[in-house]
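You will see two complexes here that share subunit A, one where it goes with subunit B and one where it goes with subunit C.
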Partner chain A sequence: MRRTNRAKRAFLAVMGDEKRQRITIPVFAILLSLVAGAVVYLILGKNPITAYVSFLQGSGLLPKSSYAAKKSMITDLMSMLNAWTPMLFASLSVAVAMRSGLFNIGVSGQMLVAGLITTVTVGYADLPALVARPLVVLIGMAVGAAVSALIGFLKYKWNINEVVSAIMINYIVRYAASFVIKYFLADPVSRQSRAIRDSARLSLMDAPVGGLKMDIPLGIILAVAAVILVWFLFQKMRLGFEFRTIGANPKAARYAGINVGRNLVVTMALSGALAGLAGVTYFMGYYGSIQPDTLISTGFDAIAVSILGNSDPVGILFSSFLITVIGKGSTYMSSNVGVRQEIGSLITGLILLFAACGAFFRYMLARSRQRQAESERLTVQADDGEEAGA
Partner chain B sequence: MTILTTAIIDGLSFALPLFIMAIGGIYSERSGVTNLAIEGLQGMGAFVGALAVTLLAGVFPAGSQAPMYLAMLFAMLGGMVYSLVHAVLCVKFRADQVISGVVINILAMALTTFLTSQINATVLGAPSNKFVLGTSNRFSIPGLSGIPVLGAVFTNLYPFELIIVAVAFIAWYVLYRTPFGMHLRACGDNPHAVDAAGVEVSLVRFRAIMISGALSGLGGICFAYSISAQFSPGIYMGYGYLAIAGLIFGNWQILPTLGACLIFGFARSGGFALTQVMGLKAAFSDLFMILPYLITLLLLVFFSKSNHPPRALGEIYDKGKR
Partner chain C sequence: MAEGYIVEMRHITKRFPGIIANDDISLGIKKGEIFALLGENGAGKSTLMSMLFGMYEPNEGEIWVRGKRERIVSPSYATKLNIGMVHQHFKLVSNYTIAENIILGIEPKRRLAGLLPMVDLKSANEKTAALSERYGLEVDPTRKIEDVNVSTQQRVEILKMLYREAEILIFDEPTAVLTPQEIDFLLKIIRGLRDDGKTVILITHKLEEIKRVADRCAILNRGRLIDVLDVPTTSTQTMANLMVGRQVDFSVGKPPAHFGREVLRVDHLTVKNRTGFPVVKDTSFSIRSGEIFAIAGVSGNGQVEIADAVAGLTPAASGTMILNGKDITHAAVRERTDLGISYIPEDRQSVGLVLDFDLADNLALKTYYRSPFCEKGILNPAAFDAYGEKLIGEYDIRSGQGIRTGVRSMSGGNQQKAIVAREIELESPLMIFVQPTRGLDIGAIENIHRQILAERDKGRAILLISLELDEIMSLADTIGVIYSGELLKIAPAERLTTNEVGQFMMGVKQA
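Right after this comes the complex of A and B.
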């Protein structure tokens, strides 16, 4: 009894007050899922430590024991950054909407439209890279923003729940894109859209640098800039303040004279522009082609990644990095440890599940702290009483 | 068999699993809990059903239809157990219901994909990412199937279609004609009144979500067992989301939702048939699959005034709040 009490007290002290919980709760969620993952490894008779180290090795954060020709830790790292870029954009996109109290569940669809339209317009065009690449970025942003703004407009004008309309648009886009790809763009061998020209591609693939061949994601610069801009928007700008106010309490915002409807469309457009960037850095960068019949999972994962990062640009920087490391490192882990690589997405799923419980953890912690404070006060009172009696 | 009959047969066998998943969604949403988790629930249900049959494959004689009914039972159980995650998160842990649904879908996909591969590799010793299932027999109702055109409705039926019709009827009766159903519907509109009447809101919602899980699992195994004869990650085609479109289209009521699902099913099979008749490339069938989603979206735009989600949908029930 005494011991559990002490353990509980230590736990409460570590988790800290509400401000610190913004960091401790996600970390707690991550630890829980790593432990759960370790249990799975143990059941399969594998060493979890070796497995987790292989994740880091596979994504270029730790050196592997041997490398193929022209490959090194740097090339692994660059390849991981290449995968990270779209995830970072997608999570920022979700976060911008979420700060205003809106769900952008349509990120996957917006990514796909942006990828498809840039593929058709610029991907196969004979343009110099200096023209093609900026064009891809601009068109992608504009397309993503337009689709997402439509969702905002539907909510503003007809009060259609943005989650519902986004799901419908996701699937409309998915099937429309499949049709276009199969009918006009299909490569007869891969059944995907034909590979785009290198001059339009936002990642340099197998670029020879210092005797190595590495992938260089040009979009990562934009992504980091976007993180800073979004941070600046929320912390320093009036528009960001209005977004946050609406997210916290739309009625109060309206009373304070904020144009809620206009802001709704603007938020969604901004969120969509970021989703568009995620789309072009994925389809025109990381992947270089589009598969028909799929909505990629990045857009859905991004929702949970954003929650794990508290919808905060800096938090997202960390959470999206972690999720990408797990995803990217799983292939090497699989060959090294001999467990199917799908366990990577399982661990990711668990992290997201525990992150979704964040509100509950916060609630429980608040209650425990309150109880603890109360019982301490009672003991202090009892002590005082004894002293007075003596 | 003419193309029209084929279209009717295929449309019906697609619409009914969709309908039963949508009924599950109606149960959950009418009790006030947003359910975007149908996609994950049906996948998990189908996985559990397929796993049970695969593991017990040696027990049954070849050609026996018993495994299919066993698969359905296990799929319902699997979906129901997995839906407890959604129930605990939404009702007890006060998590955001939309987030919970999304996370459950992600987790279901990850979990079933991993387990399928891993179990195939370690237990069955065959590296594969799917469970191959037996084929379901089909039957026609004598007499009725002889009616011109409409007879197609009674031709080449899968056994699951009858089961779904029966389950759907029970679900309709429970929702509209029993005290439990009334409490459930009241929980979605005015949970405080239910509480005041002495009924535990969280308990009703818990049950509603579990029913939703079981029905989604049933829908999932119908897609896996009878229609594609295998369980693979390809089960996550977005039919769970299509079921959600169906129940919104049906205004959260069972009979209109049946209509919506039939429209979706026939739009799909009719599209396939039309591409065949007109000699178009198979890619055109994708264009027809746009229709259900587009129709639902347009319906929301034009009839947004008469489309009523339950009033307390998506709100966390807080006893102290008035």
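Right after this comes the complex of A and C.
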């Protein structure tokens, strides 16, 4: 009894007050899911530590025992960064909307439109790389912003719930894109859209560097810049203050004279521009082509990644990195440990699930802390009483 | 303790994080009396009775009911002990009929064709009607809650208790939402209940009501029981002094007004609600500088919509509004703020403040876009902090961590102080106050009344909307009485009596 009390007290002390819980709760969620994942490995008869190390090795964060020709830890790391870029943009996109009290579930659709339009307009055009790449970025941003702003406008003008319209637009986009790809862009062998020109691609693929061949994601620079810009927007800018006010209390925002309707459209446009960047760094960078009939999961995973990162740009930097490491490392983990690659997705799923429980953890912690405070006061009173009696 | 108590509370202590709501309270309530609990807001009256009704359990102490010690773990257990409570906020389903609301949870059943269980609405209606008649409640069981007024809804709550055969009836601030005439009616009902042998516990901070109906009265102050008094033999002044813990001055001490030029002119204003129903109908009035124009009325008669329309939060369907000679009928909220309107809204938590923001951000909520708070779209946090510190000092806003305090954790009185400070600092020619003292204790009320008068004397035009008739009678220079969206009467305050205003509030046109 006494010992569990002490353990509980220590746990509460580590989790800290509400301010610190913004960090400790996501970390706790991650630890909890790693433990749960370890149980899965143990049931499969595998060593969980080897498995977790393999994730890191597969993402180029730890050295593997052997490498193929022209490959090294650096190539694995660059490849992981290549996959990280669109995830980072997509999570920022969700966060910008969420901080303003909006739910952008249409990120995947906005990514797809941005990817498709840039593929059609720039992807096959005979342009020098110095023209083509900036064009891809600008067109991608504009297209993503336009689609997302439409969702915001529908809400502003006719009060159509943004979740419903975003899901519907996801469907429209998915089938329209499939039609365009199958009829005009299909590669007869891969049945995807034909590979775009290297000059338009935002990642340098198999680039020879120092005797190695690696993928270099040019977009990562933009993504890190976007993290800083989004942070600056919410912390330092008047527009960000208005976004936060609307997100925290739209009635008070209106009362304070903030144009809620216009801000709604602006927020969604900004969120969409980031989704567009996620789209071009995915389809015009990481992947280099578009599959018909699919909506990639990045835009949906980004919702959970954003929640795990408290919708905070710096938090998202870490959470999206973690999720990408697990995703990219799962291939090597699979071959190294001898379990199916999908175990990686399982762990990702567990992390996101526990992250979504953040509010519940917060509630439980608040209750325990309150009880603890109460029992401590009682103990003190009892002690006082004893002294008085003596 | 002596015999004959139906309810006894012995050494009750109840703590919440940071406060002791009830501190070692012992009292006994006799069967068949009207027992009042008197105290300021936050004195612990509601908490004490919530424990009798099973909503909380005491940390220490015992509750005895009918000579037996009881652990009242839930409201449903309290109901089993024949204890009922009418809460401040009614718990009714608005699109159900009165009878349906009353039987909710203990529906009388009949079997269709001897098999299918059905709710027996017929017997519910009959029983409700019979109860209503017996206690003179004047309730038609077949009407829907959304179609009846607040006073009737309250009587439905009383019926709900009676239907569940309550013997001990707790009323939590029952008169806060009623007009003077409705209060008379309610007090008559309460007396009738006592005469029928019920025990009534009345939680209130209104001395006059206690004087009119209560047999005995317990006075609470900051969680402690000050005294239990025999009401007929105690003066109102004595009770008031005990309640506040110091001498109380009932008069506001209002200096004479000096009216200046016209600041706001509202002409033929009509405001429609979402369904297109006019809630303010063809209303005209004007306010001069140095004048407090108060709108009296029962809640929900369009007075808040007038305030929202003037502030720009609700569009005017027709009519014009002129501020200092400038037509603001179609101006945006921000434009009106800049032209000089301050607005203390009715709902301070959901409209007036952003509860998740800290005090500094909330104090700058109306000015954040101006220099020095913001230059070229970039915020200046130092300006926010300096301004926050200044206002906290000048207006005595108390909070745990100064400007960094989350507004959510502040007391209602200090939240209101923060809003009032922010709006006064705008130095607007027109200030709108809606229910500025709702839910505040006497000290805070006095403070806000003083500030309203001080602003008037600085030459501002003040639009005051309140449901508290006392507040209107003691502050207003001019009174407009609203009923069903129409200003039935506008007259200088000294030419109207409380009773006349009450008549107009009920829609009686000639008085």
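Note that in this section the second predicted complex is superposed on the first by the 390 of 390 C-alpha atoms of A that agree within 3 Å, B and C clash if a C-alpha of one lies under 4 Å from a C-alpha of the other, contacts with A are read in each partner's own complex, and residues count from 1 in each chain.
Definition applied: a contact is a pair of C-beta atoms (placed from the backbone, for glycine too) under 8 Å apart; a residue touches a chain by one contact, two chains touch by 3 or more.
As the structure is a prediction and not an experimental result, all values here were calculated from the model.
Contact with subunit C, but none with subunit B, is seen for A:K251 once the two complexes are overlaid on the shared chain. Using the contact criterion defined above for the overlaid structures, shared-chain residue A:R238 touches subunit C, although it does not reach subunit B. In the superposition on chain A, A:I343 makes contact with subunit B only, while subunit C stays out of contact range. Once the two complexes are laid over each other on the shared chain, residue contacts for A:I169 go to subunit B alone; subunit C is not touched.
When the shared chain is aligned, no partner comes close enough to touch A:M214: not subunit B, not subunit C. Of the two partner chains, subunit B is the only one that A:A356 touches; subunit C does not reach it. Taking subunit A as the reference chain, the count of touched residues is higher for B when subunit B and subunit C are set side by side. Of the two partner chains placed by the overlay, neither subunit B nor subunit C lies in contact with A:L222.
Within the superposed three-chain model, A:K182 lies in touch with subunit B and out of touch with subunit C [touch as defined at top]. Chain contact summary for the complex, subunit A toward subunit C: residues 236-239, 241, 244-245, 248-249, 251-259, 370, 373-374, 377. Every residue of subunit B that touches subunit A in the complex is listed here, in rising order: 34, 36, 85, 89, 92-96, 98-100, 102-107, 109-111, 113-114, 117-118, 121-122, 238, 241-242, 244-245, 248, 281-284, 286-287, 289-290, 293-294, 296-297, 300-301, 304, 309.
Of all residues in subunit C, only 15, 17, 311, 313, 332-337, 343, 345, 350-357, 361, 365-366, 368-369, 374, 377-379 touch subunit A in the complex they form.
Those residues of subunit A whose C-beta lies close enough to touch subunit B in the complex are 44, 103, 105, 154, 158-161, 163-165, 167-172, 174-176, 178-179, 182-183, 292, 295, 297, 300-301, 303-304, 307, 339-340, 342-343, 345-346, 348-350, 352-353, 355-357, 359-360, 363.
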